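Have a look at the structure below before the remarks.
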Amino acid sequence: MNNYSPLRTAIAGVSGYAGGELVRLLLRHPRLTDTPPILLGRPQDTDALPISLTSLHPQLTGLPNADNLELSSFNWKQLQRDAVDILFLATPHEQSREWVPLALAHGIRVIDLSGAWRLHNPHHRAVYQLHDADPFRASQLQAEAVYGSPEIHAPAIAKARLIANPGCYATSIILALAPLLRANLLNLECGIVCDAKSGVSGAGKTPSPTTHFMHAADNLSAYAIFGHRHTGELLEQLNLTTDQIQFTPHLLPIPRGILSTMYMRLNQPQTAAAIQSVFDEFFADAPLVRVRRSPQLPQIQYVVRTNFCDLGFQLSTDGRRLVVISVIDNLLKGAASQAVQNMNLMAGWHQAEGLL
Amino acid sequence: MNNYSPLRTAIAGVSGYAGGELVRLLLRHPRLTDTPPILLGRPQDTDALPISLTSLHPQLTGLPNADNLELSSFNWKQLQRDAVDILFLATPHEQSREWVPLALAHGIRVIDLSGAWRLHNPHHRAVYQLHDADPFRASQLQAEAVYGSPEIHAPAIAKARLIANPGCYATSIILALAPLLRANLLNLECGIVCDAKSGVSGAGKTPSPTTHFMHAADNLSAYAIFGHRHTGELLEQLNLTTDQIQFTPHLLPIPRGILSTMYMRLNQPQTAAAIQSVFDEFFADAPLVRVRRSPQLPQIQYVVRTNFCDLGFQLSTDGRRLVVISVIDNLLKGAASQAVQNMNLMAGWHQAEGLL
Amino acid sequence: MNNYSPLRTAIAGVSGYAGGELVRLLLRHPRLTDTPPILLGRPQDTDALPISLTSLHPQLTGLPNADNLELSSFNWKQLQRDAVDILFLATPHEQSREWVPLALAHGIRVIDLSGAWRLHNPHHRAVYQLHDADPFRASQLQAEAVYGSPEIHAPAIAKARLIANPGCYATSIILALAPLLRANLLNLECGIVCDAKSGVSGAGKTPSPTTHFMHAADNLSAYAIFGHRHTGELLEQLNLTTDQIQFTPHLLPIPRGILSTMYMRLNQPQTAAAIQSVFDEFFADAPLVRVRRSPQLPQIQYVVRTNFCDLGFQLSTDGRRLVVISVIDNLLKGAASQAVQNMNLMAGWHQAEGLL
Amino acid sequence: MNNYSPLRTAIAGVSGYAGGELVRLLLRHPRLTDTPPILLGRPQDTDALPISLTSLHPQLTGLPNADNLELSSFNWKQLQRDAVDILFLATPHEQSREWVPLALAHGIRVIDLSGAWRLHNPHHRAVYQLHDADPFRASQLQAEAVYGSPEIHAPAIAKARLIANPGCYATSIILALAPLLRANLLNLECGIVCDAKSGVSGAGKTPSPTTHFMHAADNLSAYAIFGHRHTGELLEQLNLTTDQIQFTPHLLPIPRGILSTMYMRLNQPQTAAAIQSVFDEFFADAPLVRVRRSPQLPQIQYVVRTNFCDLGFQLSTDGRRLVVISVIDNLLKGAASQAVQNMNLMAGWHQAEGLL
């Protein structure tokens, strides 16, 4: 037994891709070796519970603590008695919207990986078609929710009861643009183009025509032009108008990884060294963002199955046009490892604990 | 307009992979340029009919005759009045088992791409769990059905009313083994091992956990060991016992193509030249089987999107052990183009018409 | 024997991907069934010649005329005596630059698939580092060379002696932008962003770290930002300045296909119907360009192994921002089938002969 | 600083796939956090040295200890002065054969990942075409070399000076067959068929026509039938004759992973429970082998990027025929993590230290 102060975690949604990665990360987290996460079964699966973790994720068999873990039925009182500190929700957004008030009412802090609590502007949130049992309470919680981007909101995250873990596309774009916008370098009249490409795990585990191998393999397709639901996160977090940012996602024929190519014009000519400094300073204390030396550019392979976001850029010879490349593993820095990073901050630990 | 005698075809099951390939082949068939196939809609889709062909298969847009083709509701009397000669069924086996008696009763010959009519031994057929409205009539038709392997049963195919188009795995294996068995070269006491690998299209178009990109990509898995339903075809067509052939399929992370690796022992030592002759002679008049010169071996890429089966082999230095490699495109020689080959024979045309 | 006027063709560069597709297309071209192409071996391979076509492209085995074709050594006098009308060069650009003057001097028209003769502005052409034996003659021929985009330059192509077949990326972008620029709809002050993605065959057949499976698979990478050599084609053919178009290519983990996503702003608000009309009218007589109905968008799978370019678009709700998607098979409409289309025009045939 | 006894390691061949995985494993090994490995540069690269580790493997950037590591030129005296205990050679077999005598002469134990020292029978070893400067010394060392299969030779490994780390294919097959052969269950008269399939990383990092994306993707091919150089390992380690085992490798279109399907006949009928016991008992103390419960079968995805070998089997209903499936990550349990497992045994640590 180690002599760390114990933290008790629980996870709902372990059967999905992000939930599976999350349990893997928690199992090997050095602060949690004595307190493996409690795994919450889905209410609709109650008759089948308990379900062993390794039957859902056979590749975890034989890892420390994994073989005995089970998804079980649960109730909020019991979680309270078990002294659960932090509940991770890797559940559909409707489910998250329903459970967050209940968890908080029982004194359990929540890191929600869905889109349910990310958007403060009701107009943006409308794409999720959320229905709240207690709209007044929900709006209070919404106001309290902290957008879980540790490189931007670390102090608020540390104190938060409710973390809205960012969307995967949004993570890759916000980390690339926030430094440049804060430095006020961009000419926004022409808008920023964000051409993003994601692997198939981003589409979730439910079989569908889109995720069928025959559709996804040897193919590339754009979708949700002018209408992807991560757009609201970009507008709110970057403080931009619809006219100032154009985000188009594409479905890549790979399992994991996002690469976002971003095009922008600068207010006035810059040198590559100046741009490099802006990124370096912004991420000086960010252990999970790696800024590459221009003209080197990151690729998806650099980050797949890692917890990093890699950034790189190139500048036109006249110093007026900038292309930035951002890559993440959509299931890790775009979901599960960013959630663990938030947990670390909430627990007062180093933000990269268990992630390097 | 050409001066060929017209042949009228109809297809049910156009929305699937094999059905889609079939309509593409018929549209470009030189004997059918004036008589595009009639496309039969699914009874359960009646309210949505007609459905344009190109909405199901956008890649066919702009090809001759394709833009105006539609799937329509149908009835047997109407097909009879339309003088349909040959009906292709690319439908689930239950549907094929139900429709074949009706089609034949209306004077329409059938080429069935499902497994419904391939197996004469009721014990083998049990895996399909077929239920016949008129069991006596069904058993008569079963006795009449011809296994549509043109390299083996061409004369019977030419006269048949009902063709059971072979399974994809079975095609790749039967074409490789039939010459060797007919020449009585094999020592069957040790059995023949058939290790077969197929692309994902073989699992059909319905989304499922197995066909999800995340399961199929970057993976390989064996399945249905000792129990794949194509086994019955091997036993009946090759006249072998369960103990004499071991067939194991695997799911490959590619869209199309089957490669079967077959291992066998010879009754007595042979030379590569002797084995080569056996294959060459067997397929001397088979324009869609290409026998490679040993020690050259075919690969899946040689045949994907072609109508060929490629065969190759290597012999141990002592001349006693033989490895044969067989490759096909599972949707073409393993389904649609073999069906067209059967149609050609039934119409009295050259078997490779429209397939080279 | 058919009663078409015979056309005699020759191809250099058959061993590469585009050359292989080209010979396949010519072998099945209905006007050329009696005159298969002459295949020119590489001078550096003379000792190994003749080489059979099917040893280079085993998948062509058994196709009409293919089995007897060989790559042979050649000289210009002989090609002249053989009455070769059109020579296709699927050779490296240095080779094309050297051979074109020789071919034309012997009365042989040339369709060059390399980048050697595409660029009229010497500054743009500098990226190819070309060295001409007779610079004066070369500049005369350069002035005479016609950019082989049949949807744009058909009349000039019909009469040309020297066709510079367009680059693959350039084809996908020029076909999308030419109609909008001709209609004067675009606000060029903010520039056009062209985010393009290509399969690995675009990188050629020579093994390299970039084309290694381990680098290309499960990956995506941007390259040649601000510097890809197809940029000059865009500037010259679309009459744009460097500041008005930003082209970034990416390497996709698929064998074939290009998808280009293009972002632009409009001079004044437009309706989708108006944009649709612009495309429809521009391509009314273009059998190899398929304009999809907005908001439908093409995908790479729609065009892989077809001779088509597919275009689609979506407009922002305020009618001011436009996203256009263009897809081609880089080896076909981006190379070999566009070359055949040019040949058809040069021979006075329908431009899509043998391509539908 | 931890209080473990320090172990000093060095690695040659870090630029390759297995070497890259090896350095990653050593960097995160809990016993080696204070003693990162010394990385030996290639003699032919001397002018370019030092080379930073992260320039070769950008995905390692930011990991503990990785950023400052460099490949440097070296000499044996210096390694001796640096008190290197164990040298890993992830070098070509010619290089390994040359360096092993030098390393041992300087008191440095060696774990060689190449095939140079695996084979004791000179006839088997001939496939490697090895030339020894001092043949007598080489034969002494060959006799001393221990085949590094920890599940089989743990006691000898612990004391060895020279470990020949097993081949990847051989690992997957030997672990599956050793328990059955030891239990004397197999009828060897009919031979064992081992149909193995490997991802492309097994072919190494040097670009070649075989590893070109266009050849490997969407393809499957058999190679080296009756002649793969891992065959000798099977014969020697399993004590079989050429006639008793047939091993055929195939190239899979995936980056990593091996699946071997093995077919065998039993001396007398067995139950699945009996077979299960044989495997369970054999691997009772083997933390890196996971025996699945029949009829469950492992897939490649279960083990990719893990250090495990997974085994599963199914038995025919008559209990006479057995199919065994074995999967590993060819770069990990098939190379780098097996090397670390051997290092752990040589250092007297738990064999799975740093591997779970």
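For reference, chains read A, B, C and D in written order, and residue numbers begin at 1 within each chain.
Operating definition for what follows: a residue touches a chain if its C-beta (ideal position, glycine included) is under 8 Å from a C-beta of that chain, and two chains touch if they have at least 3 such contacts.
Worth saying up front: this structure is predicted, and the values here are computed from it rather than measured.
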item: Set of chains whose contacts include both chain B and chain A; value: C, D
item: Of all other chains, the one whose Cα centre sits farthest from chain C; value: D
item: Comparison of A-C and B-C by number of C-beta pairs in contact, larger one; value: A-C
item: Angular offset of chain C relative to chain D [C-alpha, multiple of 5 degrees]; value: 180
item: Interchain centroid distance [CA atoms averaged], chain C/chain D, Å; value: 47
item: Where chain B and chain C are represented by their mean Cα positions, the distance between them in whole Å; value: 37
item: Centre-to-centre distance between chain C and chain A (centres being mean Cα positions), rounded to whole Å; value: 41
item: Set of chain C residues in contact with two or more other chains; value: 217-218, 253-255, 301, 304
item: Footprint of chain B on chain C - complex, ascending; value: 58-59, 61-64, 218, 287-288, 290, 292, 298, 301-306, 308, 356
item: Sites on chain A touched by chain C in the complex; value: 189-191, 193, 195, 197, 215, 217-223, 225-226, 243, 246, 248, 250, 252-257, 259, 261, 263, 265, 297, 299-301, 304, 314, 316-318, 320-321, 323, 325
item: Sites on chain A touched by chain B in the complex; value: 17, 200-201, 205, 207-209, 211-214, 216-218, 253-255
